[in-house]
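Here is the structure we will look at, set down as structure tokens.
Per-chain residue numbering starts at 1, and chain names A, B, C, D and E are given in the order in which the chains are listed.
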Amino acid sequence: MSRIGVFICHCGENIGRTVDCAQVAQAMGELPGVVHSVDYKYMCSDPGQALIKQAIKEHNLDGVVVGACSPHMHEKTFRKAAAAAGLNPYLCEMANIREHCSWIHEDRAEATEKAKGLVRFIVEKIKYNRPLSNIFIPVNRRALVIGGGIAGIQAALDIADGGREVILVEKESSIGGHMSQLSETFPTLDCSQCILTPRMVEVAQHPRIKLLAYSEVESVDGYIGNFEVKIRQKARSIDVSKCNGCGECTKNCPNKKIPSEFEQGLGFRTAIYVPFPQAVPNIPVLDRDNCALFKGRAKGVKKQVCGKCATVCGRRAIDFDQQDSFITEKVGAIIVATGYQLYWIGKEQESEILHGYGEYGYGTIPDVIDGLQFERLASASGPTGGKILRPSDGKEPKKIVFLQCIGSRDRAKGMEYCSKICCMYVAKHTMLYHHKVHDGKAIVFYMDIRAGGKGYDEFVRRAIEESHALYLRGRVSSLTRNGDTIRVQGVDTLSGEPVSIDADMVVLATAMRPQPGITSLAQKLSVSYDLHGFLNEAHPKLRPVETNTAGIFVAGACQAPRDIPDSVAMASATASKVLGLFSNEQLEREPLIARVDRQTCTGCFHCERVCPYGAVERFEVKDRKGNLIKVIAEVNQGVCQGCGTCQATCPSKSIELDGFTDEQIFAAVNAL
Amino acid sequence: MRRMLSRTDLDALVRDLLGAGTRVIAPVRRKVQGREFVEYAPVQNPEEIALDGSQPVRPLKQVVFPPTETLFNYKQDKGLVQIQEAPTTFSDTLVIGARPCDAAALEIVDRVMDWDYHDEFWFGHRQATTVVAVACTDSDESCFCTAVGLSPESTRGADWLLIPAGSSFEVRVVTPKGEALLESNKSRCPESDVPEAGKASSAVEEKVRANLAMNPAKLQEWLGAHFEHPLWQKIALRCHGCGACAFVCPTCHCFDIVDELEGVGRGARRRNWDACQPALFTLHGSGHNPRKDQSARFRQRVMHKFSIYPSRFGEILCTGCGRCIRVCAAGMDLIAILAEIGQNAEEAGSTL
Amino acid sequence: MRNGEAAMKVGYFPGCSLHATAREYEESLKAIAPALDLQLEEIRDWACCGATSAHSTNHLLSVALPARTLVLAARQNLDRVFAPCAACYNRLASAQHAIEHDKKVASQVESILGASFGHPIGVLSIAQLLSEMTDRIRSKAIVPLKELKVACYYGCLLVRPPEICRFDDPEAPTSLESIVTAAGAVPVKWDKALECCGGGFSLSRTASVVRLGRSILRSAKDSGAQALIVACPMCHSNLDFRQRAINRSAGDDRPMPVLFISQLVGLSMGLDPVRLGLNRHFVNPQPFLSTISAGRVEHREQA
Amino acid sequence: MEELRELAKKLLQEKQVNAVVGYECDRRGVRPAFVDDPAGCDRLVFDHRCVQNLPAYLSPRRTNVAGLGRLAVVVKQCDARAVAGLIRESQLKRENLVLIGVRCGGVAANPNESRELGAETLALRCYGCSGTETAMADYVVGEPKTVPAAGGDRDARLAEIEKMSPEERLALWKEWLSRCTRCHACRQVCPMCFCERCVAEKTQPNWIESSPHIQGNFSWNVTRALHLAGRCVDCGECERACPAQIPLGLLNRKLAKIMSARYGFAVTDDPSTPAPIGSYRLDDGQEFIL
Amino acid sequence: MSVPAKEKASSFEPNIVAFVCNWCTYTGADLAGTSRLNMAPNVRIIRLPCTGRIDTLFILKAFERGADGVIVSGCHPADCHYTAGNYHARRRFAVFRELMEFMGVDPQRITFSWVSASEGGKWAEVVNSTTEKVRELGPFVSYPRVAHAQVK
């Protein structure tokens, strides 16, 4: 028989006014198993808590029920009080007779009856509570950062500076990401390379950062504190330990006409190449699809077709037979910072929900370019040496039309969200254009100007007032070729007039989208993502850099459109989260998680299917001789978050959620 | 001199009893979603009674041994437990149209119910119940009452046996309870000088006899000596362990006792039908079960019926009703099994 | 998909203009239908489609009017209804869409009509109908059109809005091009295929219509087209009937014949231009017909 | 038939399997057979009386069957759904099993059927079946057969109940379920009921009372049906096994209809198709939720 | 029998139990309290972590114990604290509800709702409308229930 103490709180007049607390206490005192039942003015006050502590000792209580306010308010308070008196805190529970009773009813008799019912639920439930103790999980205090753009770089440096080891994985051959492609950055117009390059070098030289460029995450196992990550190091065809980055191979590569990805197709590279001069690591990569030697091999030509790079390499670093290799790293936390890509307006789209722009010619007009291409044209290190020239004929455009919200905020195109950075970079583009082509005219079509940010609106004003960009509020209905100009048909909705402009070049501020492959990465990580593939944060306000999978964090544009300051801020936030996680050798968790009855579990794994966290693992039950008896479910204590969906799903009820076990709920329902 | 009872008078008799508040149980025809069958059920009207020979799908035992029966109610009050006994009055019941094999079962099970413990519930129902059996006019390939010492017109367990004769029945009074029934219905059962038509059911009996011939003594002997025999493994492979055989068996009387809550601190103790075939049978709290698989459980069933019960009470715990064969989804056929064991017993006997 | 199959039967909804200003459209359709094994079964007791007065004033009415026609079609056991006029097509297709996707409107309309909807009806524009029959058109094209360059003009209603007219790309359509190609002509690339012709403003805001028509015709001429191919009586009216005014305002004296797509298909089959109603045009088609040696028409000069 | 026997013989002789689970004739009709020596293979038969769903014997809980070792099992296409279900739910490994697919022309409602197969005798579940072999089979035996035309609408009895008023329905189910004596034969014969300890036998807490009173019977039958939602392979064995003659198949059939209407799901012999309960779509219907 | 039906109905106070998730509906009910939204006293809440934890067995047992109505409530789609518990619950109860209906249990006796932590008003509405509805339906005497022998 239980020894339960019931404590009914008046909460001053809050409960006492409508609920006859003394009567409730008396009725509870008559229940089997209740040995002590009292009411008191303020249970949460020090004397109130002392009352509980004293009763626990005096009556040797093995359960405490406090009928008072919402457990969201004071459950911690009373559990602490119980613990202080030597009672396991999980043997203390609250019945909510304030928010759920006295505050919402007027009739004293009815409210008193209901209060009795509510407290009775908990009295019956607590008879089946078990003492529980917190769970400790060992933490492997190393972090993995996926993505070597500015967010990944920042996160890696912050964690490494905080004294913990970091593995930074980048799928391209160099870190730097999109920021390395930018000419200048808003709202200060400082040179992107100038602020980024030192950070990239810092990464390369940091003793606690292990940089794995040209690598991708293959698989992720484990849980918070204990992830095991398999990483594919793609074959560069270069022996990294031998290469000194002299550049002889690229100089001598005969195939020099491959559109450069870094230059957004506006410039060329060789088959063996370094994407850009400041690349980190400064080691070339051989593009096998475009290499004459590999093309020859693919055709079955016996003789080696080329091989110039190998011939000129003094250090014999070229290895045509290199294969992808795999390494496994054990880490305690993972930061995802895979960044973005720009939407492309073509007819063919990778996803069904996206639609191209037929009215803009589906991207077939050569002088219609996107924002990143314009960055390269404006960049001093770009294909035109910083001169704004048209891709079609190399002429300097005298009139450029910039179109904002291409794809963004357009449900019909499949992206109803705002890409956030376009207003700002378009303003920047008009300024850069004005600085470089003084007699040029920049015309911007916009829907709204969203320039919320420090110095942002001022920046846009400068574009309009000092760089004389013409801002027209309205959409463009079509782009058509008109001789060697582009006919821009649009409307100025402020004047209500249709507008027709013959532009020399059109720059589309296309929408930001998450990187291709994000969904498969998200699935490897068990992180949820939205309709567009942006990763979901655990809570939009209160847990903006965490994901629903404990130990995995998000930074930068993989979570939503972000500019550089936002991405860097997020990155630092994730780093501080990770360092916080790493501040102890073990992780302490509330024990309200599921556990499996090994005797009755049949191993159908319905629980595994419904678990939102992948917390259910497979466990082999063996006899003493080591023969397999059955394979059953086991809950990973580090991963389970305690939702209990497994238990409701389990056909034989062989998995129990502590704190809300079937016996506890049954007892409450039985008290109806 | 024989007494005859016409169907009309039988109906009148039933009507009288119903009028007097007696519960009347008889075979009635049922149709559930296209499936037609006969079962023992309380009747409100004599016309419902079906005495045409179809065997009720479930046995008569539920009349004296309900599938669930409340033994007592309890209430827990601050450490005190109050018990309220279940009522010990049993309603007067007349069973009309019991199969001889079902009636006989009652008498056979009486033995165990009054052995180490006198079961008040069983005998309470038994005392209140008068059984009027009707001799079988038909049988099927699952019937084997003759093999266990009974016959289509066995009177065991019955207070009256009615033998169909045209549109009437010959009444054979078997027990004092039967005498009492006759006493109050004498006018309906006139003595008749119709000459005896011979054994009414001899044809049926022949048909049943053809299904199985068995030597119970030899069988019992063989069973006692062959607890571990590969036969058990072989036979039980196809058995699903569902226990439907036990639930339709007129002689199976296993029960389980459970306490069921009906609110905070109160509930009822009930006893429910149970069976020896499901895996829970004899499962220990430790998780160990001395009967490790279905072969052991199936062996238990055969042993109990044809060896253990006979050695303890001198009765075979089987009336050959054949329901276990008809009901089995897996085609377990007790006639075939007994025949096979019997053959083994013959062979074993010859080598002894 | 239906290419090469035996006779195809579709419901036929002429709408008001095919019996009035666009008689030549109907004449040409009736002329080419037998050759294409196309059976046009007119919907008995059809009524106005509701364009444009109903749908610009009362949404419910704009669904109810064409919905009535759809109910009649279902009663006539027709699965598909062909509406040659782009505006009629648009109204019928919109109504069908509303019936299928807006349960509330559907039930309101049912109570207005006092009838319930039968099976769903597929509504066909001429572009969709003929582009399904390109193989037949190709096999019947006996008159070499001598690389005749034509500009295919869709206007605003034929392929839009996309959720209703799902048979072609709303911004870069190709169905008319596939038909004229099958007929042996060469579609030109031009910019104004989807521009507005001014629609119903022909009388109320003639100047606007002239301005719009000017840009369409200029673009067509600049792209080297010898004729403009249309699929809508309203477009035809604005570009043919108003062409003299348009040309005058542009200071351009090059007339541009405006043909219904069905007329072009008919010409490719060697049908008599008069049977195809080419004599009813305001822009004299004779010079054009001569270039493809297609016979003569008696042309009445405009007043 | 010869083909089946020869194949079974070969599998046993070559020691590919330790036993073949198939069908044999008995005194009254057809019953499951377990053949472990090549000579016994001549007992094997397959015809329209082969009603039983043999994969029911493949649950690891059947320790005596599992003790036979590696098995070959004769499966009709419908039975293969149960094999797929057991694989899907980790109770079986496909590679530990040889499946002999039989081309089936439909089966009767019970294995003692003496009449020919026709509209009268055809089992409900065969209505509309194509009778093709399962794609899961390692071997396929028998000539292609056609399933006789159905003897009416398979779901007529379901429709009849759906038409009733809620009160009538409740009264009907109470009447039917009051017959239940909780023998759990429905569960034992079900190939998809393989729990080590059934929830109906869990006493702490006692969600489903084991007493055969209406309360326990209702909870049990509702729960059994729900646990089989999207998993029931529609073999009808529960209803056939019920000694109380309760039309249990109706509940399973109703749930199959719900699964199909709500989630476009039908149980198949593809082990990789997950059941709808246990997964979800963001746009699942929620017309009943306030 | 002479009591007018209306009077009889109003004298019946239904017994309703609500199974709610901790994060949305429980907190929403807290908000209703904080906002002092007066509502019918017939509904008593049992708190679970998530609708995913709510088993159909709870509902059956509640009816067995004499509940006249049941409420199941949790987070709106996409708001689940545990990301997907409510989606699983949605399927589970969609199916349960249809099965119950098929077996003759009036689905009006079971209310399902999504009530977020900010929807105190909606919670009050769910409580009041459910109470009203169940009051109209009357005591759930037809539920397949065992008659309790009351021990004195």
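Quick notes on this structure:
Assume a contact is a pair of C-beta atoms (placed from the backbone, for glycine too) under 8 Å apart; a residue touches a chain by one contact, two chains touch by 3 or more.
Computed from a prediction, not measured in an experiment: that's the story for all the values here.
Common neighbours of subunit B and subunit E under the contact rule above are A, D. Averaging Cα atoms per chain gives one point for each, and the point farthest from that of subunit C is the centre of B. With A-C and D-E as the two chain pairs, more C-beta contacts join D-E.
If each chain is reduced to the centroid of its CA atoms, subunit A and subunit E end up 37 Å from each other. With centres defined as mean CA coordinates, subunit D is found 59 Å away from subunit C.
Each chain gets a centre from the mean of its Cα atoms; for subunit A and subunit D, those two points are 46 Å apart.
Multi-chain contact residues of subunit E, defined as those touching 2 or more other chains: 61, 65, 84, 88, 92, 146. Residues of subunit A found to touch two or more other chains are 599, 610, 649, 662, 666, 670, 672. For subunit B, the set of residues touching two or more other chains reads 261, 263.
Listed in rising order, the residues of subunit D touching subunit A in the complex are 60-61, 89-91, 194-199, 202, 204-207, 227, 274, 277-279. Subunit D contributes residues 161-162, 164, 166-174, 177, 199, 207-209, 211, 213-219, 222-223, 225-226, 229, 251, 254-255, 258-259, 262-263, 276-282, 284-286, 288-290 to its touches with subunit E in the complex. For subunit E in complex with subunit A, the touching residues are 15, 17, 26-27, 29-34, 36-39, 41, 44-50, 52-55, 58, 61-62, 65-67, 81-85, 88-89, 92, 124.
By the touch rule above, subunit C contacts subunit A in their complex via residues 162, 169-172, 191, 194. Taken together, the subunit D residues at the contact with subunit B in this complex read 26-34, 52, 56-57, 61-65, 67-68, 111, 157, 176, 181-185, 187-189, 201, 203, 206, 209-213, 237, 240-247, 250.
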